[in-house]
Structure formats: C-alpha cells, structure tokens
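Reading through the structure tokens given below for one structure.
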Amino acid sequence: MALIEYHQASPEVRAVYDDIMATRRTDWINNFWKALAHDPATLRRVWEGLKAVMVPGALDPLTKEMIYIAVSVAQGCEYCIASHTAGARRAGMTAAMQAELMAVIGMAAMTNRLAQGLRVPVDTRFATPP
Amino acid sequence: MALIEYHQASPEVRAVYDDIMATRRTDWINNFWKALAHDPATLRRVWEGLKAVMVPGALDPLTKEMIYIAVSVAQGCEYCIASHTAGARRAGMTAAMQAELMAVIGMAAMTNRLAQGLRVPVDTRFATPP
Amino acid sequence: MALIEYHQASPEVRAVYDDIMATRRTDWINNFWKALAHDPATLRRVWEGLKAVMVPGALDPLTKEMIYIAVSVAQGCEYCIASHTAGARRAGMTAAMQAELMAVIGMAAMTNRLAQGLRVPVDTRFATPP
Amino acid sequence: MALIEYHQASPEVRAVYDDIMATRRTDWINNFWKALAHDPATLRRVWEGLKAVMVPGALDPLTKEMIYIAVSVAQGCEYCIASHTAGARRAGMTAAMQAELMAVIGMAAMTNRLAQGLRVPVDTRFATPP
Amino acid sequence: MALIEYHQASPEVRAVYDDIMATRRTDWINNFWKALAHDPATLRRVWEGLKAVMVPGALDPLTKEMIYIAVSVAQGCEYCIASHTAGARRAGMTAAMQAELMAVIGMAAMTNRLAQGLRVPVDTRFATPP
Amino acid sequence: MALIEYHQASPEVRAVYDDIMATRRTDWINNFWKALAHDPATLRRVWEGLKAVMVPGALDPLTKEMIYIAVSVAQGCEYCIASHTAGARRAGMTAAMQAELMAVIGMAAMTNRLAQGLRVPVDTRFATPP
C-alpha cells in the first residue's frame, strides 16, 4: 500500500498524525500509520484503541511493549517486531531485558507445541478460573 | 498421551518431579510434565530450560509469566493459557493487570494483521538495531 | 527454489502453464507456479484444485479472492497477500472494499485472541450446527 | 474467565449488552461478551469497533461474516468459528456457500504453505500496489 | 458439522468412502470425511489429493505421517494431531520415534521464534537454492 | 540484531561457535547463532538442546531436518526454512524428496484448516492413545 505522507494527507488524517506525534513526543510518523491512512476511519479507530491500551495503568508501558513484541513474534509480523522493539527500547528495555524477553518467547513457543502435540488435558485446578 | 503419576515414575523422572515441586514450593505436578515424562531426556531438558528462563533476572517472574501467556494466546495453546494464567496469578497478577494484558494482546493481534495485510515496509529507522 | 520459465519447461509443465494463461485470459505466469513446476504432479494437482475452487459458484470470484486474502494475512504469507490482492483488484475490489476487508481481518484477529485468551466456552446454541 | 450475566452486570456493562441486543435484534448475549465484561472499557471498545466494522458498507454483512470465519479458521479460534458460522447463517449463508467458503480456506491454506516453503519471490508486477 | 454416516450417504459419497476403506484396508471411516461429505466435490478432491500425496514414493509413509503431525502441531489442529498420530503408529512409529518427533517439533518451534524475534538475515549461502 | 563475528566474540561465545563447527564439520557459523550470541547463556542452552535433539537416534538426521522444515513452514519462519532446507540437502534430501515433503506440508495445511473449520469431533478411537 502506498504511504500517505503528512503533506499529502487530508485534514482528517493530519489530525490523527498530529495526535500520534503529540502523544509520543516525536516529530515523525512511522509507516504503519501512513499505510493505514488510506482508510481514515480505521486509522482513527486503531490509533484511539492503541492509545487507550498502551497508556500506563496496572501495567507500565515497557511491560506492554514487551507483551506486544511477544505477540508479534508469535504471529510472525516482522514490521511489528521492528517497530515495537524500537518502542520498547525507548521505554527503557535494556539488552539484558531483551535477551530475557526473547528467551521466554522461545521457551513458550516450545512448550506450547509440546503441550499441543501431546494433547495434554487441562488440569482440574486450572479448569475454572474464578 | 497417558499421564505418568509420581508413584509410577522411574527414579529419573521422579528426580525431575521432585525438583519441580521444590522449585515451585508446591506438592503437585501439573499434567504437562506427566505427559512429557514418557521421554525422560526431553522432560529434563525442557524443565532445566524453563527453570533457567523463568528465574528472576532483568525481568521479574510476573512479567515473564505474562509474556508466556501472550505467546500462548498468539499460538493458540489452551493448555498453556490455562497453566500460565494460574502461574501469573500466583506471581501476583491482579484482575486489572490481566485485563490490560488481554487488551494489549488483542490490540497487537489486530495491528499485526493490518501491517501484514497492507505489506507495510519496515521504516529505515527500525531497520538496523544497533 | 529457482523459477522454471516457459521456454525451459517440459511439455507436461507447459500444458499447465497454457491452461493457467487461458483460464485467466492473461499472457504471463506468476512466480508461484514457476517454483512449483519442479514437481509437475503437484503443479497439476494444485492448479486443478485451485481452478475448481475459484470458479464462480454459490460465491462470486471477488468474494473468493477476499477470503483468500483473509487466510493469507492470518497465516502470514506475504507472497499470497500480494498475488491475491492483485487478483481481487482484477476481480473488481475497490479501495473502499479493500479498506473494509482489512478492517474485518484486523477485528477478527483481535477478537480471536481475546476469545482464546479468556478461554470462552462455546455457547450451547452454537454447539451443534444442524 | 467466569461469565457475567445480565442480572449481575454493572450499569456500564448492561449498557453495552443492551446495545448488542438492540443492534442484533436479539434477546440474548453470547459468552464472548460475558467473558469480556470483566473489563468494561475493553468490552465497550471492542463492541464499538466490531459494530463499526461489521456494518453494511462497500461489503455486505454476509461477506464480512465469511471473511471473519476465514480468519478465525486460519488462526485456530474454535469459539469464533462457531459464533461467526452462526452469524453467517443468520446473514444468509447457505450450505452451498459454506461449502465453497471452506474449500477456498483449505486451498488458501495449502498454497500459502507452498509459497512460503518454496520461498517464492514476489513478482515485480505485484511488488508495488498503487 | 453433522456427520454423514455410510448408510445416509449418497452413492457419490459412498464411492469415496469405499475407496478410503479399500485404500487403507480398514472397515471404518473417521469423522473428518463424514464432515466433509456435505460437499461431495471437495470430499473427492481432498481424498484424491491425500491419496496421491501419501503414497510411498521418495519418502516412506511413516515419514510422511510424521511430517503431517509436525504441520498439525504447528498449526494447532487437535483433530489432525489425533488422527495422524494414530496413522503414524499404524505405519510403525514407536514410542521412541514419537518422543524424538515431539522433541524436534518443540526445538523447531523455539528456534523459529528466536530467528523471527531477532530478525536474523538469511545467510548469503542460503539465499539462492539451486 | 547485529551479528557477532568470531573475532569479536567473547571466549564463552567462541567456545559455542567452536563446538558448532566441530559438530557440523564445517568452518563457518550461520547468522542465527551470531544473532543469538548477544545472550551467551541462551546461545549455549539452545545449541546444547539442538545438538541433543538432532543427533541420530530412533529417527535419522534427514528425517529430523524435514520435520524441522515442516514446522518452520507452518510457523512462517523464512530464515529457518532457508537454513534447514540447506541442512536437509546436506543430509541427503534429493529433489524428489523435497517435492514430496512440500506436497505433504501443503496437504496437511489444507486438511488442518478443513478439520478446524468444520469443527470435526475427535473420533472415539483416537481419543485416548495408550
């Protein structure tokens, strides 16, 4: 999908771009939004959703970025791995943290497949979360 | 795969079971290990790996459990979702934290597919992590 | 896998290439078939299957192409996203339709992971399709 | 996750439940929403997003439901397959349409893996969508 | 999908069922085919394809069944894991072979995610298979 | 992730590199290990695990490499497809074997999605492996 640059964007799209830059305290827009801008309604909905979800809350922004990376690796989205790895570093992820993140992702990927392949029944204790 | 209970297990398997219970300060073994016990070498290798990876380090155990859940959801492993959700709760995950975890996972799943579907090129700034 | 061009192809492969071009009313072969041509039996079987499946029936060709894109995005196949997006456009997909297609795919990806992560039990009403 | 029934729900959650039933012209709520209701903010955001995305537009509701099913199958979400198959039938999917939907999904799944396994390069013609 | 038993089946479907039983030297039909039988054309196409692919060739039937299991685990299809594990045992898979199969699947799942998460560039030596 | 070359590597990393080259009877290290080397503990653990898993046993090395490819295709890891296809060829995979491998992977991908999409119940005979 061709990328829509700020100077080409409609006022509706520019408003989202402005909010992205203001929220992130940055002066550029990454390609994901420029591709999504062909559909201004989805652009706004996805951005508003992301902003709401990634705000500091019960979990801090760095933890959220690392969870985002974990999903992106497990779903095989290279763009998202690249952009959220950058985001996690901005949020304070050290090399040691990244190494542990990757080790957990790898281990989970392995035990997921072992549990599925062996068709392990869910333990009664795990069956009904309160 | 039939589950191997403690009283049926070989000394080699019991040694792993004992270490699992001691490490986790619990008195039971969940089904995953009982299914894996048909292959004692893999049982030991996976357990030793998991123990090394999940130990407190640059990331705390709760963060690691939540990353584990994120991968398990993204890979569709129900057993692992159930067992690591229990693990995360034991490590202190509150209902508010779980809600945010799920919201981040859902959002990542959506933007992953949008980025892939739109074939968004990786931004130059993201291209070569130092 | 090296690509087998028409002039390099065996008569068996050329026959499939010819049928692809005739069926699609086009004068070129896309790389997928040129890579598959190393195995003429699979080339023929896959092409015959695709031709049977994509023919207008209870669903029109454009709907089928969009379903194809949805699967390709969800499985992370960049080649297939690219080729079937081109196919869908040829079949009449407008920019507005593509935007809605992507929005549905993204939403489905999100609710899939929420339903899996929350381990939602299938409603009794959904349990036994007639 | 325990399911929150209407009579147990907070006013905030009931307002979403009411809107779901009104929008769908039905008198019941399926389990997905009852599980999501532990997090009213996410419940509202996901419902509002779904409502916006699934509304008739450039694509009709039945086409959207079938795309939803395609993603759900490709991502392995049994709950979503069950609920959106029911939704597609309500929207007019006949047995013949469902058979073709499944045939396209299966074919796409196969050619996706062949294209990935053979590492087929994207054709120049597909490389830069306008 | 309701299952179509032999006595309920049309002559067209019975002909496929008969061929499945004759080819496999067995007197029963597993549920997969009974569900697929709602669409006789797809039933026949999938069965003919499977028969052609699983025949002894450059790879023996047991190796093929184990490859089938590997894909089924990696794609999270419980039905297929169950049915092809049974098929592999019939074809001679011992407990020791199954244990190694699972160990390889788990290891591949882990290194897949590490390679993706680290965005490892493909080595020049691997780039162009002859 | 930047790649750590042999001459830049710590003694701890070099020891693993040396063992990789000795075990594989080769004089070079592929990029996967050079990227993983930022985390020497994970580098060692993953290498030791891989070495143990891929050793000739009840399954021969070529069968193991083909299983590895099957998982890598089904999980969409291009790097792993490339490297293990090279590995399989080194272990003796002919063009005919590779063609059959790909055909089985494609067929499995298709029937997986059909079984999931049709929600086929596991046959009683498959339900409890001994």
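Labels A, B, C, D, E and F are assigned to the chains in the order they are written; within every chain, residues are numbered from 1.
Everything that follows uses one rule, which is that a contact is a pair of C-beta atoms (placed from the backbone, for glycine too) under 8 Å apart; a residue touches a chain by one contact, two chains touch by 3 or more.
Keep in mind that what you see is a predicted model, and the values were worked out from it rather than measured.
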Partner chains that chain D and chain E have in common:
A, B, C, F
Matching over half of the contact pairs by residue number, can you pick out the copy of the A-C interface from C-E, A-D or A-F?
A-F
Note, CA centroid farthest from chain C's centroid sits on chain B
Maximum distance between Cα centroids and chain A occurs for chain E
Between chain A and chain B, what distance separates the C-alpha centroids? Give it in angstrom.
19
Could you give the separation in Å between the centres of chain B and chain C, each centre being the mean of its C-alpha atoms?
34
I'd like to verify one number: the distance from the centre of chain B to the centre of chain E, where each centre is the average of its C-alpha atoms, in whole angstrom.
27
Specify, in ascending order, the residues of chain B that touch 2 or more different other chains.
1, 42, 46, 49, 71, 73-78, 82, 99, 102-103, 105-107, 109-114, 116, 118-119, 129
Chain F contacts chain E in the complex at 1, 3, 28, 30-32, 35-36, 42, 46, 49-50, 53-54, 57-59, 63-64, 66-68, 70-80, 82-86, 89, 94, 96-97, 99-101, 103-105, 107-116, 118-123, 125-127, 129
Going by the contact rule set out above, which residues of chain A touch chain D in the complex?
1-2, 41, 45, 49, 52, 128-130
Within their complex, state which residues of chain B touch chain D.
76, 95, 99, 102-103, 106, 113, 119
Quick one: in the complex, what on chain B touches chain C?
69, 73-74, 76, 78, 81-82, 102, 105-107, 109-114, 116-119
Chain D partner contacts - residues on chain E that touch it in the complex
38-39, 42, 46, 71, 75-77, 129
